[in-house]
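You will see chain A twice below: alongside chain B first, and alongside chain C after that.
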Partner chain A sequence: MATCAVYTTPSLHSCSITIPAKTSSGFHRRQVIVFTSKRITERGGRRTSEVSCSAEEAKTVVIGLAADSGCGKSTFMRRLTSVFGGAAEPPKGGNPDSNTLISDTTTVICLDDYHSLDRTGRKEKGVTALDPRANNFDLMFEQVKALKHGVAVDKPIYNHVTGLLDPPELIRPPKILVIEGLHPMFDPRVRQLLDFSIYLDISNEVKFAWKIQRDMAERGHSLESIKASIEARKPDFDAYIDPQKQHADAVIEVLPTQLIPGDNEGKVLRVRLIMKEGLQHFSPVYLFDEGSTISWIPCGRKLTCSYPGINFAYGPDTYYSNEVSVLEMDGQFDRLDELIYVESHLSNLSTKFYGEVTQQLLKHSDFPGSNNGTGLFQTIVGLKIRDLYEQIVAERAAAVAEAAKV
Partner chain B sequence: MQAVTMATTACGVRLSTQGAVFVKAELVRPRQTHARLLLPLLDHGVRRPRRTVLVANAQSTPPDISERVSESIKKAEEACAEDAVAGECAAAWDEVEELSAAASHARDKLKADSDPLENYCKDNPETDECRTYDN
Partner chain C sequence: MATCAVYTTPSLHSCSITIPAKTSSGFHRRQVIVFTSKRITERGGRRTSEVSCSAEEAKTVVIGLAADSGCGKSTFMRRLTSVFGGAAEPPKGGNPDSNTLISDTTTVICLDDYHSLDRTGRKEKGVTALDPRANNFDLMFEQVKALKHGVAVDKPIYNHVTGLLDPPELIRPPKILVIEGLHPMFDPRVRQLLDFSIYLDISNEVKFAWKIQRDMAERGHSLESIKASIEARKPDFDAYIDPQKQHADAVIEVLPTQLIPGDNEGKVLRVRLIMKEGLQHFSPVYLFDEGSTISWIPCGRKLTCSYPGINFAYGPDTYYSNEVSVLEMDGQFDRLDELIYVESHLSNLSTKFYGEVTQQLLKHSDFPGSNNGTGLFQTIVGLKIRDLYEQIVAERAAAVAEAAKV
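Let's turn to the complex of A and B:
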């Protein structure tokens, strides 16, 4: 009989495994019969309670995504959930300002919900949201662990409009849990729970250009205020958020292009996908020959590109004393045939059919970054995560079969 | 007289008949030239086609969030001008950043929600109006 390890806290005393109601995702579902038996043993003052469940362990795959500026990584999220099938929507019937996104297979939690101080509290203490003092890492660890082991939780809601902490909402354990926010890899305990982690590293110039595009139309904002806002947050960002990139399994680095000298518009981008080597369920994407150093310009006789063209590079490297492989793209796609041409030359993409990357990019051609490396690498990472998920599920199924035999 | 050019990009355009804002609308051609200088308030009793006042709010942020953003910017500038504690200044600009992000999300949401047919079809794809045929 498979044993479910359930993290017990004074507030959680029972094991419950809930299965989402919609079954249109095509994943094989089995009825889970929960048999709970409580044995409370006291050892040296610590109370432990064991819960045994029959049938499969409903364990979730947890992905962490780190980047700046709240939960504005929704483009990445939408691409990711699209790879798994289905659109991610805020929970129906709940708080309209909820930050959570739910689809058939995936639930995305915004880590801003674990703020221990609301906006007024932070102002009083003179602390930014980037500061760990403004976040409740104990609760974050507790709830992510509970969800990972198949226990539903009541997660608080941080309302970005009012700046207050709203009453909690119920989150049921999904197949894939994505935690996105400023500090997914900050706390070592939470880091241990992650099956895969991604860091979105936007360089200062590109960040500035994007924020200008976003805020200039806003009444009240000016170039100076945007600049001041970035400058004021920089110390906390460099101290608390940036160091997380050394722990990430994949880093998507966005830099200004090298193809257009003196470009500061941030429209054409140079994007680098830095992938950690030696991970169990993740095999890095490569170009032509794994482990070698390649520089590739696809535009030539077979493919004509318009200005400024596309440049690719691939090679091994070290990143914060980790062995990595780096795949880099500079420039932008203009046409469908450029996309498919590039895709046909990349290897280890974990696609299920030829042209899947192109199809995913075209499906969401209205999303920002769909014509450059950001969209391409986000899609590729999404496919890699799907592959990782399937490997983990297969492993677990094999383990259960083994246990049943014995 | 303020002239607001209609934004050529896909911006939300609000039609409002505000008394205080008098805008030369490209769609409606005013008949009397001298009347352009008069505020609509003075038009009471005079038979004239009602003017359509177009206020092109670029990217149409909901007004309450827009208010909060401008307020927070003012507060942040004050907080940093005094140069009280570095923490307060950073916290104030962090608030500006948070609100600007919320405003940007609200804009995107408005754009996404702008087509009622799309919204209906998202929830009811099997109805006749929403059926799509791939081949």
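Let's turn to the complex of A and C:
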């Protein structure tokens, strides 16, 4: 790390860091120039300023999204990139089996690309893709770190069709980098690079209902084989994936509804958005009265809803010893007026205009979960990430302007 | 009833009604002059107005308050008159055992004064004071009607000390007449005279706990004798008093707390304010979102409360086939900040300035129930009655002004 301290000089200062071109870790030569005003103090009536230039200085905002396979990460990513205004598409002219999605502002990389063992290798060693031993966390850390600091990388591609590792693709540093997959918060070094982290926590009952719907109804698998595949996956999932949620800044929990006694179809869902308190660029959404405990059935005199209705809950709680706020929605929206009514009673949404949440959900009404808490909370988290990004950018701009003045 | 219809004349019209002086029903000679614009229509481009002058025209706003003996009616009355700004006192220079309370705006008469049988008479006939046969509803109706129309009456006095009927006292028509007692909504004719009616509904568990506290701890009665007296009273109470609550515009239900499992001490209370919907001069208080169903624990990050905390609930309901809104408070206030915090989250309170509910409760912190839902809801009902009174007066003034213009 290179640091320069400067006292009351009129000119701008810069420091450049050179990273070797095309290393084995896949880095690209790039000059990094950073100005950051760290401290301004009065020394005998004279303003002094310390400007530090550091390779540690971030340029890209990095978001981590963890969830099991097939649990809605890609829908979430499409909602997130939509909030930023552009459509996310695979890299143009590259490997057609690339897992990457790129929009104007955002690049989403799939952490399966850091598998150190391909399908055959995993079979031979008897490890699942969930097992850390099947993943290269050193490379994941180095490449995410490089991207965060504005350095392009040659990222491997795990081909989900062939089960093999394909030749790498060039990833340029975006404004927002999303790393999504099984292990974004597993390695402490990678975790430290995240500006915000989300865990999609699908309860076993709902996971089972979803798998039955997809694998049995659509792919003709037997109930027994579905049960067996879930059971086989469970030990590694519980050991390596699930514990990451304690590190997440936001958790979206998906549970069976409580509105229909004994329901296990997984069609009507109870969804909880667990938001960490005390973060610098993230203030939790709340319902009516911040920090109190509330339950709310919006359906009543002003709003009528069909069976089984809609229930909201909000309140403070603790989650793995962290102070959190929890917003919960049970049930689903039938009509637009229900959605806008609910939006109008939520606060701290980080929308840019009245009805933006509703607009986003309507725009993508074909995405799974657009009529329930998964879609609502994914959209809200997308808006909060946009807000977080804008806060970080504004702070950097202010720091640069401050440094320029000095 | 005398009615005069007038069409587009420039002068004011009046009609006078003469009631015989000092009748056996205790009426005083009084001239009643009323102008009311009943209808304004366009007739061939000419504005026309029908002015009716009628002995039916009300001058005094009449409020009915029903409850069992010893259930907080007098505290409620003191809160109500305080909202109007004056202190309520017995008539000056009159019978020291008078049950009447008079303030600048309000006269409270106790319906026990309409007992047709004194204590001995009731004993002889084997009827309780709860029995309609022990009460003179004809006289009650005629005198309340006279007062409502601006005519003074000589009202009997039931002496609670001697159990005898004392010579009557003169009651002049006030701005607001409150008739409080066992039967304000029993007789359909009296009920029709009420501009607003309230029923204080103390649950048997709480009534029992209160009686134990008062009669056992303070007066040395035995538990058995208290139980026996409640049991003896119950059939007539259930037959004649309790059914009146179906006619009430507002009911204050007092129940044991649900915050302390198994509690039957009657110290911590759950109090429900049941408010009829669709009334002309009364719009129910609500919490956060009018017409939806809400539960709210205000104690949390912003407000800390001691055990067992405070729970609020709000929502639409039906009560004896009437559409109502119900506001509920379980628990009690320990400190001023809890009270003002709760007040700031209630809407439609009809306060004249921020914090008026809190100010009223603090002013009378020595009254029973000032720290729980009984005091809170009695104060709120007082404010709603002031609002109702002001609306009625404003409408009358507007009608008179309109009639004067024509």
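Note that in this section the second predicted complex is superposed on the first by the 341 of 406 C-alpha atoms of A that agree within 3 Å, B and C clash if a C-alpha of one lies under 4 Å from a C-alpha of the other, contacts with A are read in each partner's own complex, and residues count from 1 in each chain.
Going forward, a residue touches a chain if its C-beta (ideal position, glycine included) is under 8 Å from a C-beta of that chain, and two chains touch if they have at least 3 such contacts.
Please read these numbers as outputs of a predicted model, since none were measured by experiment.
J.: After lining up the shared chain so the two structures overlap, which partner does A:Gly278 touch, if you call chain B first and chain C second: first, second, both or neither?
T.: So A:Gly278 meets neither chain B nor chain C here.
J.: In this superposition, which partner touches a larger number of chain A residues, chain B or chain C?
T.: If we count touched residues of chain A for both partners, the winner is B.
J.: With both complexes superposed on chain A, which partner does A:Gly220 reach: first (chain B), second (chain C), both or neither?
T.: Only chain B; A:Gly220 stays clear of chain C.
J.: Quick one: classify A:Gly300 as touching chain B (first), chain C (second), both or neither.
T.: Touch status of A:Gly300: second partner only.
J.: Between chain B (first) and chain C (second), which, if any, makes contact with A:Phe288: first, second, both or neither?
T.: The second partner, chain C, only.
J.: Who does A:His160 touch here: chain B (first), chain C (second), both, or neither?
T.: Only chain B; A:His160 stays clear of chain C.
J.: Overlap of the chain B and chain C footprints on chain A, residue-wise?
T.: Overlap of chain B and chain C footprints on chain A: empty.
J.: Residue numbers of chain A touching chain B in their complex, please.
T.: 69-70, 72, 74, 87, 119, 122-123, 125-130, 160-161, 163, 211, 214-215, 217-221, 225, 228-229, 231-233, 235-236
J.: Any idea which chain C residues touch chain A in the complex?
T.: The touching residues are 288-303, 315-316, 345.
J.: What part of chain B is in contact with chain A in the complex they form?
T.: Its residues touching chain A are 58-59, 61, 65-66, 68-71, 73-74, 76-77, 80, 85-106, 122.
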